[in-house]
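Same chain, two partners: subunit A is paired with subunit B first, then with subunit C.
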Partner chain A sequence: MKIHVSLLDTTYMNSMQSALNASLLRQQVYANNIANVNTPGYKREQVHFDSILQSQLAASGQSMGISTGVVQPLSLEANNTRDIGTNVGSATALGTVSPVVTTDSSTAIGGNGNNVNVDAEMSALAENQVGYGALVQDMNDQFSMLRTAILGS
Partner chain B sequence: MIQPISSIGSLATLPLQSGAPSAGSGSFSSLLGHALQSVNASVTQAEQQGIGLASGTSPNIASVMTTATKAELAVDMAVQVRNRAISAYDQIMNMQV
Partner chain C sequence: MGVGLFDGMSISGSGLTANRTWLDVIANNIANANTTRTPAGGPYRAEEVVFSPGSASFSSALGNATGSTLQGVQVSGIVSDPAPFKLVYDPSSPDAVNGYVQMPNVNIGTEMMNMISATRAYEANVTAFNAAKTMDTQSISIGK
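Presenting the complex of A and B:
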């Protein structure tokens, strides 16, 4: 069965997968920041993902500028790397876009060398949760569409 | 005083309703093709906006959600029209003549 190639291994699905992973990691990093609010010398960490995914999307030719409303040709089934006419590899690579965690030393540093601002971390945490919920909802909608198309009812 | 019934010839000059395809109108297959293309366009748009949400380039979550739901409804509509058409075909085929 090669159904997964055309239906589920798409740019959308893989981008969503990566974004969900990044969102989970961001949640852990922010929670870690809050937990270390009293640790002397601790520097807050942050997650970079959006720009990385954007450059990966641009590299795979699936940028946001793609024309909508055009019926795209069905991709050819490729069982071998020498088969022609598939760009499945680039879409698959989007499923493993890794976020980058960096240490933020730019913000104001308190007396003990700790630069965690609990209020800022809490609001970032809440924002991340809203984003995660939106991603899940959007993915559910897409799955529901696929299910309707497959089951025909 | 009874007025004679006027002819309905003027109906032919009425403008087509909005949504009807201008090119090749009247052909059922072109009508169906246009309808399916618009469903496909709506699904593609929802996917693009979803990718925008994933990559942080879409600032408006509400618009993404609305587009996704519209696409879902369009697909539901297309599938239901297909189901009813097949059911009508079955009924006609099973008629005793």
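Presenting the complex of A and C:
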């Protein structure tokens, strides 16, 4: 099977952008949990993104970063008709994959109704930070290739 | 949901402010652990901070108004500890009544424990702040 990896793969770029946004949001949610570690009654929040993006990619018959043959339109639609490139179809649809924030209402560890586990938050924060760096690096590599293709040097 | 570039730093910043305030209150309690005369009369009464979600910064207030729950933390109040004063037998003290002196209700053990909690929480917020800062710096390098 011939695999086309387009330099101007907007599906890829848009899903990268979604992932970057989700990662930034995740950082803020972890920071907020950590800031409220001693707030009585506070319940930690969590971000769901990867599973949503994966199910959207699976629904469209794609895997991250590589488009095989004809790009199938995604079942997800753009939220706003004024979004740039709404007509591109799948590319824009992926760009609109939004992370979902939910509250973890499980029982508290301490007696004050707070269920933030600092160890878990700190390690998740570190993991997210490294992941974000990888995403940025990947995106920069993509732009670098694009620049090379355009300028020829 | 919009994700502001610098929101992560202001959230952690609110955690830094809140824990520093807590540390100030703890320091004040420890400093006054033996204060038997206050302007209000009587011995010093220990103070405690009350944390609640939310902060005074504009961006978080705006975020709150637009539905975001990420608003950081704030010290919503500093309240007096209602615990009774300790009575110490010391007839030589000028504050003695029937040989007993009312001492502040500051529990040094509790204060030291809280101090460690506040310090650790402060450090955790510094780490989260630095993570946000690194990520923001990486963001503005995209495409360079």
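FYI, the second predicted complex is superposed on the first by the 116 of 153 C-alpha atoms of A that agree within 3 Å, B and C clash if a C-alpha of one lies under 4 Å from a C-alpha of the other, contacts with A are read in each partner's own complex, and residues count from 1 in each chain.
Methods note: a residue touches a chain if its C-beta (ideal position, glycine included) is under 8 Å from a C-beta of that chain, and two chains touch if they have at least 3 such contacts.
No experiment lies behind these values; they were computed from the predicted model shown.
Per the definitions stated earlier, placing subunit B and subunit C onto a shared subunit A by superposition produces no clash, and the two fit side by side. Contact with subunit C, but none with subunit B, is seen for A:34 once the two complexes are overlaid on the shared chain. When the two structures are aligned on the shared chain, A:108 is found in touch with neither subunit B nor subunit C. In the superposition on chain A, A:57 makes contact with subunit B only, not with subunit C. Looking at the shared chain after the overlay, A:45 reaches subunit C, while subunit B stays out of its contact range. Of the two partner chains placed by the overlay, only subunit B lies in contact with A:145; subunit C stays clear of it. By the touch criterion stated above, A:125 is placed in contact with subunit C alone, subunit B being left untouched. When the two complexes are overlaid on their common chain A, residue A:19 makes contact with subunit B while staying clear of subunit C. Aligning both complexes on chain A leaves subunit B and subunit C separated at their closest CA atoms by 15 Å. Shared contact residues of subunit A, touching subunit B in one structure and subunit C in the other: 139.
The residues of subunit C lying in touch with subunit A in their complex are 1, 3, 5, 7-8, 11-12, 14-15, 18-19, 22, 51-53, 69-73, 117, 120-121, 124-125, 127-129, 131-132, 134-135, 138-139, 141-144. On subunit A, the positions that touch subunit B within their shared complex are 10-12, 15-16, 18-19, 49-50, 53-54, 57, 62, 64, 66, 68-72, 130-131, 134-135, 137-139, 141-142, 144-145, 148-149, 152-153. Within the complex formed with subunit A, the residues of subunit B that make contact are 37-38, 40-41, 43-48, 50-57, 61, 64-65, 68-69, 71-72, 75-76, 79, 82-83. Subunit A meets subunit C in the complex at residues 20-21, 23-25, 27-32, 34-40, 42, 45, 98-99, 101, 103, 118, 121-122, 125-126, 128-129, 132-133, 136, 139-140, 143.
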